[in-house]
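What follows is subunit A paired twice: with subunit B in the first complex and subunit C in the second.
What follows is the complex of A and B.
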C-alpha cells in the first residue's frame, strides 16, 4: 500500500461512480416505461480495495407470473364479454334497461324475440276475438313477420359474432407466432449474454414485454433453464417454445352458418382448442374467443332454433277431418316444408319465414290463417272453416291455446327445459343477460386483478424517482470525495518533490 | 593505509548509492508496467583489516533484490483476455524461439493464429480440455462452425393422477388416427449435422396402478399440420414409466433411451417426475446439443478455464490456463519482458491449475499493476542522493587530508 495504490483506488472509485451514475440515469430515463425494470448497480470490492460495479436487474418472478396469468384471464373474460355485448343487440335492450336488469322485466323490453312473441300473442288474441276484422288480421300477420325476421336477424348476428371471433382467433394466432419468433432472438441474446457475463438487462426487459404480449393471446407458463434460456408452454402444458418456436396453425373459416364448426388452433400437431383437444388452452384471448365461438354463441343459436321450432310446431296445420294427412308447417314455415322440423333443428331460426300463402302482399290470403289451411290451401283436409264463415274463430282460439301450452325444450340449451313458448323466449333473454352480466363482472374483476398485479410488479421492480434522486446525491458526494482524495495525493507528491529541491 | 582506505570506502559507498539510484530509476520508469515487481538495492558491510588501535575502513557491497512474490494491485480492464493472478503462481509463457519463461504480465491478446500473447511476446500455455495433460499453447482461434449432437436430456413433469386411463388400442404406441394421450411435450434434439429434430414425447396413463406408457416420435413424420397421428413411421421408442400409485413418486422406467436418426442415443432422465393430483405440467425440460454456430467470444473463469462462447449461446470449455510456481519466487532470474527463469537457487517449476495446489486464482478482465509505490521511490531517492553526497564529502575530506600531507614537503 502506498500513495500510488491510493491514487489507483481513487481512480477506480471514480470509474465505478461514473458507472453507477450511468445506471441511475438509465433508471430515471425508464421511470415512465411500464416494461422497464429497475437496474441495481452493486459495488463489490476486489483485493486491495478496488471497487467494481456489477449491474443487476430487479425482478420478481412470482409477481410477473401473476401478471401473466391475470392478463390471460382478463383477455379471455374480455373476449367473451365483448362477444356477449354484440349478441345483446339481438334483444335490443336499451342501455338504461341493461343497467337496471334486476328491476326491469327483460322479456317486455326492446325488440327481443320474447317481446315480439308477446306482441304476437296479443295480436292473435285480438284477431281471434274478431276474425272478420282484416285490420287485426293484418296486424297479426305483420307481428308474425316481425318475429320471423327477428329470428333470422338474430341468427345472422350470432353467426356474425362467430365469424368475428374466428377472425380474431386468426389474428391472435398470427400475433402469437410473430411474438414467438421475436422471442427466439431475445432468448439467444440472453443465453449468450449469460455465458459471456454481459449486461443482459435490456434483453430481459424485452423478453418480459414479449411474454406479457403473448399472455394476452394465450395463457402461458414459463420455465427458466440453467443457461438462462426460457421455455414457454401453454397453461395446459403444450410446448410453444423450447430452443426454437413451434408454429401455431389455425385456418379461419370463411363463412359461418348455423352448424358450422370452427377449426381448432393447433400447435405442432397438438390441438389446443376444440373438442378433440386433450390439453385445451384455459385462458387468453384465444381461449375466450374459442369459448364464444364454440359454446356461448352455439348455445344461443340453439335457443333461437328452439323458439323457431316451437313457433312452427304451434302454428302447424293438421288434418281437421280426422284423416291421415300429415301435419305440415302452417303460418311459420321454412325451407324444409312440408316436413315438420325437429325440436331446435339446426338452421331453423335462420330459415323461418311467414308462409306466403297467408300474406296478401305475396298473393296469399289472410283468411287462410283463420281457416287453418295456410300450409296447403289446396288440400281441403286442412280447412277447419268448412262453411267459410267470416267470423270463424275456433282455429285462431286453438292457436292461442296452443301458444300458451307448455312445451318441452332442449334441456341443454341453457334456457328453461319446459314451459310455454313465451316463457322459454323470456328465459332465453334472461340467459343471455345473465351470461353477459357474469362475463362483464368477470372481465371487470379480471381487469382489476391485472391492474393490481401491474401495480405490485411496478412497486417491486419499477423505478422510484425519489430513491434514484437520493442515490444520485450520494453518488455526487462520493465522487467529490474521490476527487478530493486524488487532489490530496497530488499535493502530497508535490510536497515530496519540493522536499528534494 | 587509513586515508587511502577511506577514499576507497567513499568510492564504494558512492557506487552503492549509484546502484540504488539505478534500481529507483528502474522502479519509477516501470511504475505503470503490468506485472512489474519492484527492485531494491540492499547494502551489506565489507570490513577492512582493523586492528585494536587503528581502524581500516572497508566498504559497502550491494545486492539487488526483486520482490517477485509481492502481489500487485489488480485493476479492471475491458478485455476478457486480460488476466491477473490473485495469489501465488506465474503464467507459463513461451517466446518465439520456444523458450519458456514465467510471467505475471497478463495483458494477453488474441493473435491471428488464435494463440494468446502478452505485450512481451510470451504465448500463454495451458492444457487442452477435457483431458489434455500436455502443456501447450492455448489456441482459442475460430474453428469454423461447431455443432454437437444431443446425448442427454432431463424431463421432469407432473402427470395428473386423476387422468383417464387410455385403452391399449388407443395408446400413442398404436400409432393410429384414434391415438390419444395424457400429456405431451416437445423436445428439440440435434443430430450429428446439427439439424434440429423435434421429438414428440407422449405420456399416456395405461392403467390405474401408476403405469404410464411413454412414446417418443420424430415430429417430421407427423400426419399433417393439424394432426400428428398417425405418424408415417413408428415410434422412436416406446417404454413404460412407473409411479408409486399411493405416493405419486417416480418408481422405475427412467432413463428413456431414444436413438436420434443420424445422431447419438439420447438418454432422457425422467426420474424427477411425479404423479400427483394436480394439472399435468412441466417442471424442467433441458437437453444438450446445439445447432451449428460460430465462435462469438471467449471468457476465462477464476479456475483458469478458457470458455469458447458460440453465437447460439453454447459455452464450451476449451483450455485450462496452467500456473507455475517455484520454491523461492524472489530468487528467480529476471529477464526482459517482466519474465523470470528458474535457476538453482529458486528451485524447480511446479505446475498446477489456478485455485489448486496453493496457486492463486485468475481474474479475467483485470491486470496486475506494478508493485512500485512512487512515494516510496521518491523518498528512497532523497536518501540515496543524501547518501551519495555524504560519501562524496568523505572522499573530499580524505582528499583534502592527503593534499595537506603532500604540501608538508613543499613548505
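What follows is the complex of A and C.
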C-alpha cells in the first residue's frame, strides 16, 4: 500500500460519486413523471478496494399488474356509466322533480316518455270531460304530438349514443394498434439491451407506460420471456403481441338505426367482441363501449318501442258497428299503417307520429278523436258518434279506460312484463336509473381502485424528493471527503518531494 | 422500509380537494332546487315510484280543473231550474185562480206565452259556449223558440186543424165540445210531447246527459237535458194555454184546457223538484270529490318531497362541514408544500 494506491481509490470514489449523483439527478428529474421508476444506485467495493456503482430500477410486477387490471375495469365501467348518463337526458328526472317541487305548475311532470304520457292522460281526461271544447282538444292533440316527438327524439338519442360508442371503439382500436407498434420498438431494444448487458431502465419505463395506456383500451395480461421480451394477451387470452404485434381490425358503422348491428373487433381473425366471440374481451374501454352499443342501448330502444307499440294499440280505431272492419292505428300511427304493429316492433319509436287526420293544421279534424275515426275518416264503421253530438264523450272515456288497462310487454326488455302503459313507462325510467346508479357506483369504486393502485405503485417505485436530496447531501459529504483526501495526499507528496530536494 | 413517493403525497390532497368540491357543488344545487342534485342516481330502481307519484299528481290536478267546469255547469243549471220552477209555481197559482173564478182569461194566455219564452231562454243558456241543457249535443241551441213560423207552432196548428177542421183562432172553434177538446189534448196534442217525439219539433237536445269523471273511476251525470219530463210537461201546458186559452173557445173546452194544464203543471213542479234534488246530489258529489282530491294531492306532494326532496337543515349543516373540510385540506396542502428539504439547503 502506498500513497498512490490511496490516490487511485480516492479517484475511483470520486468517479463512483459522480455516477451516484447522476442517478440522484435523474431521479429528481423524474419525480413528477408517473411512468418513471426510481433508479437505485448501489455502491459495491471490488476485491482491490475500488468502489463501483451499479444502477438498478425499482419495480413491483404485482402492483403494476394490479394497476393494469384496475385501469381496464375502470375504463369499461366509465364507458357504460357515461353512456347511461347520455341516455338519462331522455328522462331528466332531476328537472322534473324540481319542477313539481316549485308546485306552481303541478301538471308539468318533466320530459320523460313517462311524464309526457301522464300529461297526455291528463289532457285526455280533460278533453273527455268537455269534448265540445276545441281548446281542450287542441291541448290533447299537442300533448300527443309532444309524446310522439319525444319517442322519436329519445330513439335518436339512443342511436346517437350507439354511434358515439362505435366511433369511440374505432378510436380505441386505432390507439391500441399505435401502442402495439410502439411496443415493438421498445421490446426489441430491451431484448438487445438484456443480451448486451446495457442499461435498459429507460426502455422499461417506456414499456410500462405503453402497457398502462393499452390497458385503458382493453384488458391485458402479460408474460415475460427468458430473453427479456414480453408477450401481451387480451384478458380473454387472445394474443396481441408475441415477438410481433397482431393487427386489431374494426370497421365502424356509418349510420346507426334501430336494429343496426355494429361490427366486432377482430384480432388476427379472432373476434374479441360481439355475440360470435368465443373469447370476448372482459374489460377496458372497448369492452365497456361494446356492452353499451350492443346491450344497454338496445334494451332501452326496445323499451321505447314497447311504449310506442302500446300507444298505437291503445289509440287504435276499431269497428264500432260490430262489423268486420279491421282494427287500424288511430291517433298514433306509423309508416306501416294500416297494419297494426307487433309488440315492440323494431323502429317503431322512431317512426311513431300523430295521425294527420286529427290535426287541423294538416287538414284533419279534432272531432275525429272524439268520434273514433281518426284512422279512416271515410269509413263510417269506425264512427262511434253517429249523431254527431258535440259533447260525445263515450269514445274518449273508453280511450282513458284503455290507457289504464294492463297490457303485456316483452318480459326480456328489462322493464315490467305487464301493467298499464304508464306503469311500464315508469318501470323503464326505473330500469334506466337503476342501471345508471349501478354503473356509476361501479365506475366510482373502480376509479378508487385505480387511485389506490397508482398510489401503491408510486410509493413502491416512485421518487421521494426529500430522500433524493438527503442522498445528495451524503454524496456531497463523501465528495468533500474524497477531495480532502486527494488534497492531503497531494500535500504529503509535496512534503516528500521538498524533503528530497 | 416504508417509502412514500412525492407525487402520492400531493395527489392525496389534490383528490381530496376535488372530491370535497364536487360534493359542495352538488350541495349548492340541492340548496337551490330543493331536490337531490341527481335524483335518478339517488333513487335508482325506486325512480318509477317517483314517476308514478308525479303521474298521479298530474291526474289529480286534471280532475280538479275538470270539476271546476262541472261545478260551474251545475250551478248554472240550478239557477235556471230555480227560475223555471218559480215561473211554473206562479203559473200554477194563476191557473188555480182562473179555475175558481170560472175560466181562462187573456192575461193567463199572455202569462203562458211569456212563461214559455222565459223557460225557452232559461233552457237555451250557454256557459262558455256550451249549451248546458243540450245533453251531449252542446253545440246546438236545445229548445226551438216558439214563434209563429217555428216548427213546433206549425205542428200544433196542423194537428188542431186536422182534428177539428178549423184554426184555433177561428170563431168556429167555439163549437168544440169539452169531450172533443179533452180527447184532442190527450191524443194527438199530447203525443207531440212524449219523450220520443219531443225532439222532432221542440228540442235539438240529446237525451244523454253530459257525464263527467269527477275522480278516478267515479263518473256522474253533470248536466240536465232539455228533454227531461218536467220541461216537456211545462212546454205542453204553456203551449196548450197559449194556443187554446182564447176567448173564442166554449166554456167546456176551456175547462178541459184548464184542467189538463193544471194537472200537467203540478206534476211538472214535482218532477222539477226531483230533478233539482238530483243536481244537488251531483253538486255534493263534485265538492266531496274535490275535497278528497285536494287531500290526496297534499299527501302526494308530501311523498314526492320525501322521495326527491332534501332536508334543508341537514343540507346547511353538511355544507358547513364540507367548507371546514375544504379549509383544512387547503391548509394541509399549503403546509406540506412548505415542508421540503430544498428550503433548508443553503
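Brief remarks follow.
The working rule: the second predicted complex is superposed on the first by the 459 of 501 C-alpha atoms of A that agree within 3 Å, B and C clash if a C-alpha of one lies under 4 Å from a C-alpha of the other, contacts with A are read in each partner's own complex, and residues count from 1 in each chain.
Keep this in mind: a residue touches a chain if its C-beta (ideal position, glycine included) is under 8 Å from a C-beta of that chain, and two chains touch if they have at least 3 such contacts.
Computed from a prediction, not measured in an experiment: that's the story for all the values here.
The superposed arrangement places subunit B and subunit C next to each other on subunit A without a clash.
Applying the stated contact rule after C-alpha superposition, one finds that A:21 touches neither subunit B nor subunit C.
When the shared chain is aligned, subunit B comes close enough to touch A:196, but subunit C does not. Of the two partner chains placed around the shared chain by superposition, subunit B is the only one that A:227 touches, whereas subunit C remains out of contact.
Once the two complexes are laid over each other on the shared chain, residue contacts for A:393 go to subunit C alone; subunit B is not touched. In the superposition on chain A, A:470 makes contact with subunit C only, not with subunit B. Partner contacting the larger number of subunit A residues, of subunit B and subunit C: C.
In the superposed pair of complexes, A:89 makes contact with neither subunit B nor subunit C. In the superposition on chain A, A:268 contacts subunit B only, with no contact to subunit C. Centred on subunit A, the angle reaching out to subunit B and subunit C in the chain A superposition, using CA centres, is 170 degrees in steps of 10. Judged by the touch definition given at the top, the superposed model places A:243 against subunit B, while subunit C stays out of reach.
Per the superposed model, the minimal spacing between any CA atom of subunit B and any CA atom of subunit C is 31 Å.
Subunit A uses no single residue to touch subunit B in one structure and subunit C in the other.
Note for the complex: subunit A touches subunit B at residues 1-5, 8-9, 12, 46-48, 50, 52, 188, 190-192, 194-197, 221, 223, 225-229, 231, 233, 236-239, 242-244, 246-247, 249, 263-264, 266, 268-271, 278-279, 492-493, 496-497, 499-500. Residue ranges of subunit A in contact with subunit C, taken from their complex: 31-32, 34, 38, 88, 91, 93-94, 96-98, 100-101, 103, 106-107, 109-110, 112, 114-115, 117-119, 121-123, 125-126, 128-133, 387, 389-393, 397, 400, 422-423, 425-427, 429-434, 436-438, 440, 451, 454-455, 458-467, 469-470, 473. Every residue of subunit C that touches subunit A in the complex is listed here, in rising order: 3-8, 11-12, 15, 33-52, 54-55, 57-59, 61-63, 65-66, 69-70, 129-130, 134-140, 206, 208, 210-213, 219, 297, 301, 304-305, 308-309, 340-342, 345. For subunit B in complex with subunit A, the touching residues are 31, 71, 73-76, 80, 86, 157, 180-188, 196, 198, 200, 219, 222-228, 279-287, 296-297, 299, 307, 309, 311-315, 363, 366, 369, 372-376, 378-379, 381-382, 385.
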